[in-house]
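This is the structure I want to talk about, given as structure tokens.
By letter and in written order, the chains are A, B, C, D and E; residue numbering begins at 1 in each of them.
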Amino acid sequence: MAQASSLTRARRRSAWLFLTPMLVILACVAGWPLLRTFIFGFTDANLSDLGGYSFVGFENFYAVYDGEKFGLLADPEWWQAVWNTIYFTVISVSLETVLGIIVALVLNQEFKGRGLVRAAVLIPWAIPTIVSAKMWNWMLHDQFGIINDLLMSLGLIASPVAWTANPDTAMVAVIMVDVWKTTPFMALLTLAALQMLPSDCYEAARVDGIHPVRVFFKVTLPLIKPALMVAVIFRALDALRVFDVIYVLTPNNPNTMTMSVYARQLLVDFQEVGYGSAASTLLFLVIAFSIMAYMMIGRVRLDEGGH
Amino acid sequence: MSEVVLKQVKKRFGPIETIHGVDLNIRDGEFCVFVGPSGCGKSTLLRLIAGLEDISDGELSIGDEVVNDKAPKDRGVAMVFQSYALYPHMTVYENMAFGLDLAKRTKDEQRERVMAAARVLQLEELLDRKPKELSGGQRQRVAIGRAIVRKPKVFLFDEPLSNLDAGLRVQMRIELTKLHEKLKSTMIYVTHDQVEAMTMADKIVVLRAGSVEQVGTPLELYHHPQNQFVAGFIGSPKMNFVPAVVIEVSQQTVTVKLDSGKEVTLPVDGSGLDAGDRVTVGIRPEHCSLADQDTALLSGTVEVVEHLGEAGLVYVQAGGDELFVARVTGDTAIVTGSSIGIHARVEDCYLFDQNGQARRRLDVDNEPLRAQLATG
Amino acid sequence: MSEVVLKQVKKRFGPIETIHGVDLNIRDGEFCVFVGPSGCGKSTLLRLIAGLEDISDGELSIGDEVVNDKAPKDRGVAMVFQSYALYPHMTVYENMAFGLDLAKRTKDEQRERVMAAARVLQLEELLDRKPKELSGGQRQRVAIGRAIVRKPKVFLFDEPLSNLDAGLRVQMRIELTKLHEKLKSTMIYVTHDQVEAMTMADKIVVLRAGSVEQVGTPLELYHHPQNQFVAGFIGSPKMNFVPAVVIEVSQQTVTVKLDSGKEVTLPVDGSGLDAGDRVTVGIRPEHCSLADQDTALLSGTVEVVEHLGEAGLVYVQAGGDELFVARVTGDTAIVTGSSIGIHARVEDCYLFDQNGQARRRLDVDNEPLRAQLATG
Amino acid sequence: MNRNVKSLMMKAGFYLLVAAIVIFAVFPFYYAILTAFETGSALFDVNYLPESFSFSNYLSVFEGQPFGRNIFNSIFVSVMVVALSLLMGVTASYALARVKFAGRGLLLVTILSVSMFPQVAVLSGMFELIRAVGLYNSMFGLAISYMMLTLPFTVWILTAFMRELPRELEEAAVMDGASPWTVITRVFLPVMWPAMVTTGLLAFIMAWNEFLFALTFTLTNEQRTVPVAIALISGASQFEMPWGNIMAASVIVTVPLIVLVLIFQRRIVSGLTAGAVKG
Amino acid sequence: AKISISCGAVGQELALCQEGVDAWAKQTGNEVAVISTPNSTTERLALYQQILAAGSSDIDVFQIDVIWPGILGNHFIDLSEYMADEAKQHFEAIVTNNTFEDRLVAMPWYTDAGVLYYRKDLLEKYGENVPETWEQLTETARKIQEGERKAGNDKMWGHVFQGRAYEGLTCNALEWVVSFNGGSVVEPNGDISINNDQAKKAIETASNWIGTISPEGVLGYAEEEARGVFQSGNSVFMRNWPYAWALANSADSPVKGKVGVAALPKGSTDGRSAAALGGWQLSVSKYSENPELAADLVKFLTSYEEQKRRAIKGSYNPTIADLYKDEEVLSANPFFGDLYETFTSAAPRPSTVTGSKYNQVSSEFWQAVHASLSGSQTVDQAITGLERNLKRVKRSGW
């Protein structure tokens, strides 16, 4: 099929026509900012004097002066951030996916008040992150936080836990809040996938007497997999770039510092536009690599469908 | 024991009642065929039996047990869906093996059973394809395969052969019959194919608009339809109906006068009929023969001649609203526009009263006589 | 002008070639029926003509114009999909009106056309339903309705009546024939129903595994199949094949000796055949008659008797691998296990050479003679 | 009646699960509502039931800043973003999901890569861009910049869903003479409602809650969106966190979203493609 | 002409600013737009940075934090051209702090300083005095905490402060270090001075509080969390800013009337009482289209009268020494007089000298302190590491 018929070509033409508005907008909106970040990564630009920068090559990434190593790649904090981010992403996205599917399965059932429950489930996602993170900060407070109070009155813990301050629990707290906040995202997308399923093969499964759990794993899951995979990709993207939750709950805590927090610190707090842009570029590479790996392992097919 | 018994089963979709109190008794191991016009409720009945739809009213039992509230999986049925309902993401093999898996069959046994079914269904070369890469008939065969590998107590087939070519259909018919003999499961089978219905069924159930019109063996329905609807439904091309008036009623015969003026005496039960009643005489196309216009029951001009090869169908304008159809030999030389006369033996005719109810035909039951006639 | 011409059309799905160079010439206004075994490529051919699949190789023209590269909507065709492909979110009415709406017909015209189609298809009461609330046959009729309201130049029907009951099927057949006469559009029609194929077609195309086996009028195919495949495919139940050896070849006849030992002289073209060649004699079930065992062509024990009502099918174990099928009258008294002899007239027999190619039958073409025989 | 007991238990278990989910999801919000009724030191007490009903926090949200206007802005921007994203997303995903062409996978990855930079990293560039085109301190500038956040998401999700629709459906429409645009709008969209509503809702909430761009690209209170408005709420001094007010504001801004979900969730129904094709 | 000024977030602060601005507008016949900015300082700084880096003239007058002159100084005009004289009336420490590279980039507007809150009633009950040194504080806190716990309040703690790893911890820790005479991390001349025994001792002292007189959670506390604990009556002492005063004494406060305020303790008897300098300044953007007018507005807003008005109406601590003797001001804010010393001698963070690298310095500092407090590093390790890191940050100079 080396050469396509002009029918196919016409179809492709109209496809490109359809793609154009989206691509133009994206190029306009994202093109310059991304390019700029990329370029700045190779300069020593500083926010206090943005005009006066010079190119420094890969110095922001790696350089040696007087036997001492400089640059991101030599910065243990950066690597700590990378590790934190990946740890956070793997755990929270896994939890969110599993919980999201469970919630979606429940919401998929017919029951009285389903509409209200659907709305209720979406609430965590609907509350602005800065607000909800602060709210959790308050609720997780060791002295007057409701979580400690609850856990203590339930007898689960003996003395209040300083959730966000304790290095051991800081990440737990962050993951907990993130899971609470973004499970609705997964749930809603999974729900949509569930609702779009072709219904009749389920009848076949029912008649064949296949156990619901098996049906779920063998029929439902494979069928919603494409949508689920995409949902996971976007969740993972967000998690890999996580910022707000951590910034509000456990700011500047090396145990929970993620790549984005690190980059933001450089870019905004330290005004090191060059260095920060380099970090952002590196962050991009880490994310791209992770997502590619995920798509490879999860066999996400990009080229499916259509004719 | 897997007798299927329906007692006053009703089904409503919203406000519309689709099944109006069906009573039915399908014996263990019986091959029961449902026939009826499109939309009469055949699939719905199957789905009720399978447990895919809730029974709105009435009672359904399978093998002595009321199963109204039982989940489909506990009913021991397998079903071939009219719309196939294949698992789109599984290969043909997986589609067929999926139902087996649960029953904790060993992989070997699964493979064996699936391969056997695939062989029968001529799907061996397609086992690795997904449904969307199959032709319509191939999909349908996969759907059949999925049911037959399971060997359940009750099979439900919803028009399982409708998309197969004639040759394959005959083969499948034979295979299903064999399967039935081997497994002795109860089979409930929906079909629009007269040949399938007549050859496979132990019992045919004729449905019409959600009600049972008649239940009986194929030949019972053919020879003794209870009413005009069943008479018209069983047999293809369908029976011709000729209006007539009763002239004389004796114990074993009824003499009627056709609209054409011809008088015939039919060997049917005349009790209750009176001279002057309007009745309908039914004549099947295959019972017609050509005759001189003066001895013929009816005569008219030929409007259309259809050549089927093995036979010909002659459509005659004989005065009624509908054309009269007669089946003639395949090498017929009758041409459109010619005038012909049509005759049928009186013992082959049917008689229906004003309400469409059939009069009992007395001659057909006389088996020795008929046998004598046949060989003669 | 809406002639449809295929020149060496090929279709590959990935590496697999499904259509192997089909040449076909469907004249303007012709009613062309595609038949062939399940999976042979009928639907694929329709989809190629419709423009839904790219033609891998070859040329397709509709009405003098090569349309390989034309979008489906510019080809002026309407199609009934084998899988219906109804718009699930639209009512029956909307489904049918959609194409008209897109063609910018006035609302009135839309309504008129849809109502007319609905009347013909007996869907009037279902116009407000969604597809999922319809029975299989009803959905199929909606699919037909969607195509016929559009009155295109070329109709493509993919097994449009497969899920309808016999009565309705006959009615629809008549309606489609009427429509064809009225619109004079070219129609391409896939069916597995012998009666449909024989009665509706101007021309039948027999396909087999992606190639055209034979093209001809229904009776041509019936009487002069080019090979054993076509002979077996056209006619139901299918033709019986009996092995034989050529004994003597004359100009107008061939004398063969059946495996049963019986010698027969068939009025077929014997050119190229030599005494001693292995051949196959074809005998259609409907041409069989019962005979004394000594005059009969074949004889054997009856294995199965199927009662279809209007006829009976007798399956005889006559020595070959497959059972020999004979069609007898519906009131036959033959019972399983009895020994019978079967006879067929020599002019009704077919002869195939070793390669399955048919020998020209000389008697059948002799129309005056046949007519004479028929009335006689 | 063993079976009945079992099914009853199943039912009970199910509702228990529903209750657990609802509590898990709603409790913090409930806590926010509680807090919004409280003032002063009551904030530092743990209580599970409301102890006072004071609407002063709600009222004071509207004092000092045009909070109503901010809500309107948020609605305006979010609606615009959702409309544009869905419009472009749906057309693009049609092309990406249903037309085979070379480089499709690459294109998808490229689109995705836009979402791989942290927001702060693009902030400066975006700021320059917005100023350069003169959309600084305007709703439109904000909406445009949000496209970067929502478009890749919408395109990908809709593509994933669009792939799954039966091919025959499109073909039937094509045979009926539908152009690709008609296929999208009149055939695909109606059966994609669950996906559209879901992506729409998620994109809406993304736009509704976005903070960084909203803060940076607007200057005056009249142009600001709700999250920024909430961030502006302050106590009597720099360090005091006026919890009551912030919670009240959060409750207020969450309510429209809940209403939105309640309205649109009806569209998330199953079986929309039922009856379309056989096989 | 039209001038725009960013001051405060929504609320009382904005209202006061608006009043002041309106007065000036009326007086001069100009138009002023007040732009509110986020309450959170970090978000405010980020916003300013964007606007200034882009060279935008959208805001003429910026309200900036005391630590920002070094960070943003490049973008502001030298105000000494317009108000060199006026500047002399303000606290010298602040003016010095606001002088970046010999340019007065910001005028002091109001000040802030860390103070010690204590429970008068509890001290009385246990017969203790207000602690003069950290050691005393530790002792007193321990005693009262134990006593109160025995008496049934097991939530009672001795001392709370801002222990979260953020700018607040820098303030707290700076106070400890300075009070022990441990220098100011980076000296005004640019030398990194933190690695000394006094400083280590200071941090050591604080580290010992965690888990004894301060809850472990204090490591996650900012101002409001600390206030929450104190105001619920669960702490004897609290280090916080003056804002907590009014709140702790508000009508529904459980500790209403039981609170006292004092200067922070000294490191030792020979140490000094040190309060971190906080507060806000006003600057004029060099991208402003009307710098003179803007400067005039700044002059007006930072003037004696205006500061007095704000002190009376909103308890904003003036930066003009004379106002601490003003009767009206004092009667509105009685503790101003007591804390005069604290305000005048407040210790500025090393923000001016480190310029745009201040945030990095501060971040290194609070991280090191946080690590010591949480015990993940010994004080010695942390401080040595801090010095090394600071040197790295400094590299070729501040």
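Here is the rule we use: a residue touches a chain if its C-beta (ideal position, glycine included) is under 8 Å from a C-beta of that chain, and two chains touch if they have at least 3 such contacts.
Not measured: the values here are computed from a predicted model.
Asks: Identify the chains adjacent to both chain C and chain D in the sense defined at the top.
Replies: A, B
Asks: Give the chains in contact with both chain B and chain D, ordered by label.
Replies: In this structure, the chains that contact chain D and also chain B are A, C.
Asks: Can you tell me which chain lies farthest from chain B, using the average of the Cα atoms as each chain's centre?
Replies: Taking each chain's C-alpha mean as its centre, the farthest from chain B is E.
Asks: Decide which interface, A-E or A-C, involves more C-beta pairs in contact, and give its chain pair.
Replies: Answer by contact count: A-E.
Asks: What whole-number Å value describes the gap between the mean CA coordinates of chain B and chain E?
Replies: Measuring from centre to centre gives 94 Å for this pair.
Asks: What is the distance, in whole Å, between the centres of chain B and chain C, each centre taken as the mean of its C-alpha atoms?
Replies: 22
Asks: On a C-alpha centroid basis, what's the spacing between chain D and chain E, in Å?
Replies: Distance between chain centres: 39 Å.
Asks: So the centre of each chain is just the mean of its C-alpha atoms; given that, what is the distance between chain C and chain E in Å?
Replies: 94
Asks: By the touch rule stated above, which residues of chain A touch at least two different other chains?
Replies: 8, 144, 198, 200, 223, 268, 307
Asks: In chain C, which residues are in touch with two or more of the other chains?
Replies: Residues 51, 71, 82-83, 133-134, 136.
Asks: At least two other chains touched by the same residue of chain D: list those residues.
Replies: Residues 44-45, 123-124, 128, 166-167, 231, 241, 243, 271-274, 278-279 of chain D touch two or more partner chains.
Asks: Please give all chain pairs that are in touch with each other.
Replies: Pairs flagged as touching, ordered by label: A-B, A-C, A-D, A-E, B-C, B-D, C-D, D-E.
Asks: How about chain E: which of its residues touch chain D in the complex?
Replies: Touching chain D: residues 8-15, 33, 35-41, 43, 46-47, 50, 53-54, 56, 58-59, 112, 222-224, 228-229, 231-232, 240-241, 243-244, 246-247, 250-254, 280, 314 of chain E.
Asks: Flag every residue of chain D that touches chain A in the complex, lowest number first.
Replies: 14-15, 17-18, 21-22, 24-26, 28-29, 31-32, 35, 44-46, 48, 84, 88-89, 91-92, 94-101, 104-105, 107-109, 111-126, 128-129, 144-145, 147-148, 151-153, 155-157, 159-164, 166-167, 180, 192, 194-195, 197-199, 201-202, 205, 208-209, 211, 226-227, 230-231, 241, 243, 246-247, 249-250, 253-254, 257-258, 261-262, 265-266, 268-274
Asks: Enumerate the contact residues on chain A facing chain C in the complex.
Replies: 1, 4-8, 10, 307
Asks: Touching residues of chain B toward chain D in the complex: what are they?
Replies: Checking each residue of chain B against chain D gives 69, 82-84, 86, 131-132, 134, 136, 139-140.
Asks: Which stretch or stretches of chain E touch chain A in the complex?
Replies: Within the complex, chain E touches chain A at residues 42, 45-46, 49, 53, 71-75, 155, 157, 163-166, 215-221, 225, 228-229, 232, 234, 355-357, 359-360, 363, 366-367, 370, 374, 376, 392.
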